[in-house]
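Worksheet: one structure, shown below.
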Amino acid sequence: MALVTVITGSVSDRTVVDPALDILRNHKVSYELVVASAHRDPERLIQIIKESEEKGTRVFIAAAGMAAHLAGAVAAHTVRPVIGLPVGSGPLKGQDSLLSTVMMPSGMPVATVAIDGGKNAAWLALQILALLPDGAKLQKELEDERERIRETIQDAEKQWLKELEDKNSVTA
Amino acid sequence: MALVTVITGSVSDRTVVDPALDILRNHKVSYELVVASAHRDPERLIQIIKESEEKGTRVFIAAAGMAAHLAGAVAAHTVRPVIGLPVGSGPLKGQDSLLSTVMMPSGMPVATVAIDGGKNAAWLALQILALLPDGAKLQKELEDERERIRETIQDAEKQWLKELEDKNSVTA
Amino acid sequence: MALVTVITGSVSDRTVVDPALDILRNHKVSYELVVASAHRDPERLIQIIKESEEKGTRVFIAAAGMAAHLAGAVAAHTVRPVIGLPVGSGPLKGQDSLLSTVMMPSGMPVATVAIDGGKNAAWLALQILALLPDGAKLQKELEDERERIRETIQDAEKQWLKELEDKNSVTA
Amino acid sequence: MALVTVITGSVSDRTVVDPALDILRNHKVSYELVVASAHRDPERLIQIIKESEEKGTRVFIAAAGMAAHLAGAVAAHTVRPVIGLPVGSGPLKGQDSLLSTVMMPSGMPVATVAIDGGKNAAWLALQILALLPDGAKLQKELEDERERIRETIQDAEKQWLKELEDKNSVTA
Amino acid sequence: MALVTVITGSVSDRTVVDPALDILRNHKVSYELVVASAHRDPERLIQIIKESEEKGTRVFIAAAGMAAHLAGAVAAHTVRPVIGLPVGSGPLKGQDSLLSTVMMPSGMPVATVAIDGGKNAAWLALQILALLPDGAKLQKELEDERERIRETIQDAEKQWLKELEDKNSVTA
Amino acid sequence: MALVTVITGSVSDRTVVDPALDILRNHKVSYELVVASAHRDPERLIQIIKESEEKGTRVFIAAAGMAAHLAGAVAAHTVRPVIGLPVGSGPLKGQDSLLSTVMMPSGMPVATVAIDGGKNAAWLALQILALLPDGAKLQKELEDERERIRETIQDAEKQWLKELEDKNSVTA
Amino acid sequence: MALVTVITGSVSDRTVVDPALDILRNHKVSYELVVASAHRDPERLIQIIKESEEKGTRVFIAAAGMAAHLAGAVAAHTVRPVIGLPVGSGPLKGQDSLLSTVMMPSGMPVATVAIDGGKNAAWLALQILALLPDGAKLQKELEDERERIRETIQDAEKQWLKELEDKNSVTA
Amino acid sequence: MALVTVITGSVSDRTVVDPALDILRNHKVSYELVVASAHRDPERLIQIIKESEEKGTRVFIAAAGMAAHLAGAVAAHTVRPVIGLPVGSGPLKGQDSLLSTVMMPSGMPVATVAIDGGKNAAWLALQILALLPDGAKLQKELEDERERIRETIQDAEKQWLKELEDKNSVTA
């Protein structure tokens, strides 16, 4: 059983999707990966959504570029939360996929993250799962991650400051 | 039997779609009008496409605004030509629906016309139908329409020039 | 105790936020409404987020226009899901608030909905809450709503077709 | 005799146009290729359109970049369907050619496909030709192509899943 | 004989074009006004350009909206300077007509002025005509106009300052 | 003697500039108002900048729309801080004036505020003046203003909550 | 004495400006090249414009990137035609310089060509100079150039067609 | 004690920020460098702002990319001038960070400079500091810098002209 179903419209989106899968895996969240296009195989997409729901998926992540209909198509077949991940492929670099993903009509929301924001799609999924009965551990991990980010930034700052000092900075 | 199936995502697109219907009607082209959303009733949409094809539809026209997935969703279920009509509704005035309609992936073309270009969606459908065995009459009508447009422009020009003369123009 | 904390940067966003509150109220979901700006009263904002969490809020909705930092500021102080609602106020009609809300850095996702998409912010919150132990009733309501939308569309279609018939349509 | 006339404004658009020609050739559809610019040789362009029509062309494909007037110029001289292919050349990467191609005035539609969407220009031409008396074979090929795309996607999915398994995925 | 040929694609552009005509008339510059569309009557357009040149036109002004091909089409048939006037009609408010007018390929320049900049189209024509043998008077008028603009601004400033004083300004 | 020189390119920008003047006046900051265009009266503009500096101006505010060169032109003639205020006039609603004001080359900064952000231009000027020897009072007023904004927001919140209660809210 | 004064804001624009100089030189048109920034050396710019005019310059070409004020600044100091050449430097790739150059206020036109359209800036200058008493030779050269472009395109077409034939095209 | 506090959201912005630090250092202006994100460590950010103010910082510089909230977040906690430096990182190349930085609501101005305009952020800080009691030396240096820029441009011009002469220019 998978808690998250990750659907991507094309294998060419892989560099954006793989970091999301890494985060899910690192946090021991079961997921199912499907390559299915809203346009190229709509029947299979519908079937996958239905089966995923039956098998217990809580959250969908849908990644697509250009006229990115995938997240909206998933949202049309489920009332589970759907996270839309616009991919910055194609000549317009995601200006098209962002608008195609986020500007959904009333009643069919897509929880859209940044263009090429694969990691944030996963973090958002974890935030939702952390609300569930067994989510305390996940919530703790999310808070730890915040702490880890803080430390990483401060370490980077120290390194930069050190290099500046070597340049004989006037900072008091 | 209808030769053109006109699908629109929302009755609020009616001011854009009605001029298309008027042109089809004026040229005695049978059409079927359906209000069906790619997001709000995907199963019915698929069924309509299949039935339309079986009943002999040659061309689809799909009108939608914002994250306009309708034309792409129709294109995913048929290999008949699909004319995409982006509607300029919503805060972005069709910048979203244009990109959502036209930037389709390889293998699933949508023949996109201008934002709010309801008339051109109909003219394009007529141009395609005019290629069919009984299309000679339609072709003649399309050529007559061009002539009519030319005359309308020249009449408007005459009227404008006359008004300018009354302003005592220096034109020789 | 409120399950949803709705924060809005300005009372001028009210026409966008009120429809969200209506949906929450209609579905008997307790909410707390706060007017607090990321810029104008950051300390109070932080305090509200902390208190809301302690009181049991599951989901935040944050609505703001122009350089819309509110959703991101909320996301910085909680690991609960934050729904970002870009408001289309100001001269750029939401092109600024959409980008300011959705283009978040890794680790701080904001679940962004459409510009002026107040209703979808609420629907997304309900979809998340429906995953919780007592969510079965809410899930049923979400599915019923989908059915209701379908019927509304078909009713609108019937009305339109009837008017077209009166215009003596050629549709067979 | 050619069924499709492919006109391109510049040899520099060749990487976008060649994939279209490949598809036409693979499906045994006769075509004529012309390099003719709406701006640089308008008289020759008009002559080519007239001759192509007389020789039996059913569909035009017109590819151009920047202030892409080619498709519109072709549409001005024929009532046959004109497929507009905006090329993403120049500093604006096709934002200019898309708008210059698609935003046509009433009465002169251009069936616009995606920026750099050479393949879709060809697929759309095939979809139109498949409506003609001898189109059954083409229609079958279009349906087979859809099937082929589906299989390609599923093969890619299998390959990706296999690589993920090797990374010891938690997917059940 | 007209020195300036003003071509406009549609009578709906009249509010943008009339101020240009007023300036030409006020400066006693002969002009010819033509309503002719690059798309809707291309043959007539070509004929008009040729005749205008023979009759002695020095400069063309071409006004059009949306996929504004008119100025480029004129430029394709003459080596006289062509002033392009993008009209802000349609849902994209001139973002389309500006790019369609200005992004011309090498060898076919269009001297583009601001969206809806009818007056500047006329001023630019006068600046070019002022270079001709009899242009001294026109050059003087252009310099006088600059002086007039300066005075208008200073008068407006005085009025504004006076009103501010009445509000009891703190300005020293 | 004026501490702030407010230059505006056109009296049509007045609705954007007047709120800035009101703030300066309310805080007893002396200002000089000039209507002078970078394009229409460049010599006078240069003279004003020089004289203002000699008379002791500390900060310039420059407001202009469309191809807004005014702030940059001021910045070219002084090393005093120049606040650029892009006005949202014209068909592009300030997308042009924002870029024309902010994208300055190295060495000539313009401190740009929001499109139509007249008030913020004044607040920024006050923030700079508050750094000067006699600035303590101004600094206090800026902090008080922050407090006042906070209270205004909370009052608005109370009013809104009261109205919601009357609608029988479910909020606990 | 130079007939054309070419002013460029920065030596970094050289790759865009050199092709313009080549065209002027090839057509034996005398020009003067100046590197002068509207922002970085405004006094020198004004002096150059005045001296150029006195020495007989007929046309100015002004090239600049980002907040491109150069062409407008030149236009403010002369009533000779000013050709604006937006350079696609900087992060926005000329979207900023195009708007900063073309959206000029009434009375100060800039004849804007395409982003990075150095060649067209020169061609437009030649078109204006060809109107002058000695312009017959230049006019002939401009017409010859058109012929040369036509031949180049047809040669390229032949080459392409030959390569396609070798691929065993189905074209009849 | 530092006069300028430079805050940057991420070490990946370093190539944009280092040139600012170089200018401050070259002009003997003490600065403090902090890496702190509005989203990733908001509590630390607030603490840093308070401490910096107490230690005497006059001006803040805040650099961030994408949904760039950093400058606004700093502005929310101080009434000192805040210079916003939008970084052109991410798929939208700074179109997002520019709007997120500059479109601030009334009362919270951010003095925004160009995308990736690190040097101008420093120059603007120096311009503000030059107004302070000990600023005469700094003001002199700013004026000298202008002179230096002028000379650099004229040297570059000479070099270019020399190279053109070697190409046998027709310039008189």
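In this document, chain identifiers A, B, C, D, E, F, G and H correspond to the written order of the chains, with residue numbering beginning at 1 in each.
The rule is simple: contacts are C-beta pairs under 8 Å (C-beta built on N, C-alpha and C of every residue); 3 or more make two chains touch, one makes a residue touch a chain.
Small disclaimer: the values here were computed from a predicted structure and weren't measured.
K.L.:
Which chains make contact with chain B and with chain F at once?
P.N.:
The shared contacts of chain B and chain F, listed by label, come to C, E.
K.L.:
Taking only the C-alpha atoms, how many degrees of rotation bring chain C onto chain G, rounded to the nearest 5?
P.N.:
180
K.L.:
For chain A, which other chain has the most distant CA centre?
P.N.:
The most distant chain relative to chain A turns out to be E.
K.L.:
Would you kindly state whether over half or under half of the residue numbers at the chain A/chain H interface are used by both copies, giving same or different?
P.N.:
Different, since under half the interface numbering is common to both chains.
K.L.:
Find the geometric centre of each of chain E and chain F from their Cα atoms only, then give the gap between the two centres in Å, rounded to an integer.
P.N.:
Taking the average C-alpha coordinate of chain E and of chain F, the gap between them is 33 Å.
K.L.:
What is the distance, in whole Å, between the centres of chain D and chain H, each centre taken as the mean of its C-alpha atoms?
P.N.:
Each chain reduced to its C-alpha mean, chain D and chain H end up 47 Å apart.
K.L.:
Find the geometric centre of each of chain A and chain F from their Cα atoms only, then give the gap between the two centres in Å, rounded to an integer.
P.N.:
Distance between chain centres, rounded to whole Å: 40 Å.
K.L.:
At least two other chains touched by the same residue of chain H: list those residues.
P.N.:
10, 37, 40, 66-67, 90, 92-93, 95, 102-105, 107-108, 114-115, 146, 149
K.L.:
Which chains touch, pair by pair?
P.N.:
A-B, A-C, A-D, A-H, B-C, B-D, B-E, C-F, C-H, D-E, D-G, E-F, E-G, F-G, F-H, G-H
K.L.:
Contact residues on chain D for chain B in the complex?
P.N.:
Result: residues 58-59, 79-81, 83, 98, 102-104, 106-115, 117, 119-121, 123-124, 127-128, 130-133, 139, 142-143, 145-146, 149 of chain D touch chain B.
K.L.:
In the complex formed with chain E, which residues of chain F make contact?
P.N.:
Those in contact with chain E are residues 1-2, 10-11, 14, 21, 24-25, 28-37, 40-41, 44, 66-67, 90-93.
K.L.:
Within their complex, state which residues of chain C touch chain H.
P.N.:
9-10, 37-40, 42, 46, 66-67, 69, 72-73, 75-77, 90, 92, 95-96, 99-105, 107-108
K.L.:
Help me check something: in the complex, which residues belonging to chain D touch chain A?
P.N.:
Against chain A, the touching part of chain D is residues 88, 93-95, 114-116, 146, 149-150, 153-154, 156-157, 159-161, 164, 167, 169-172.
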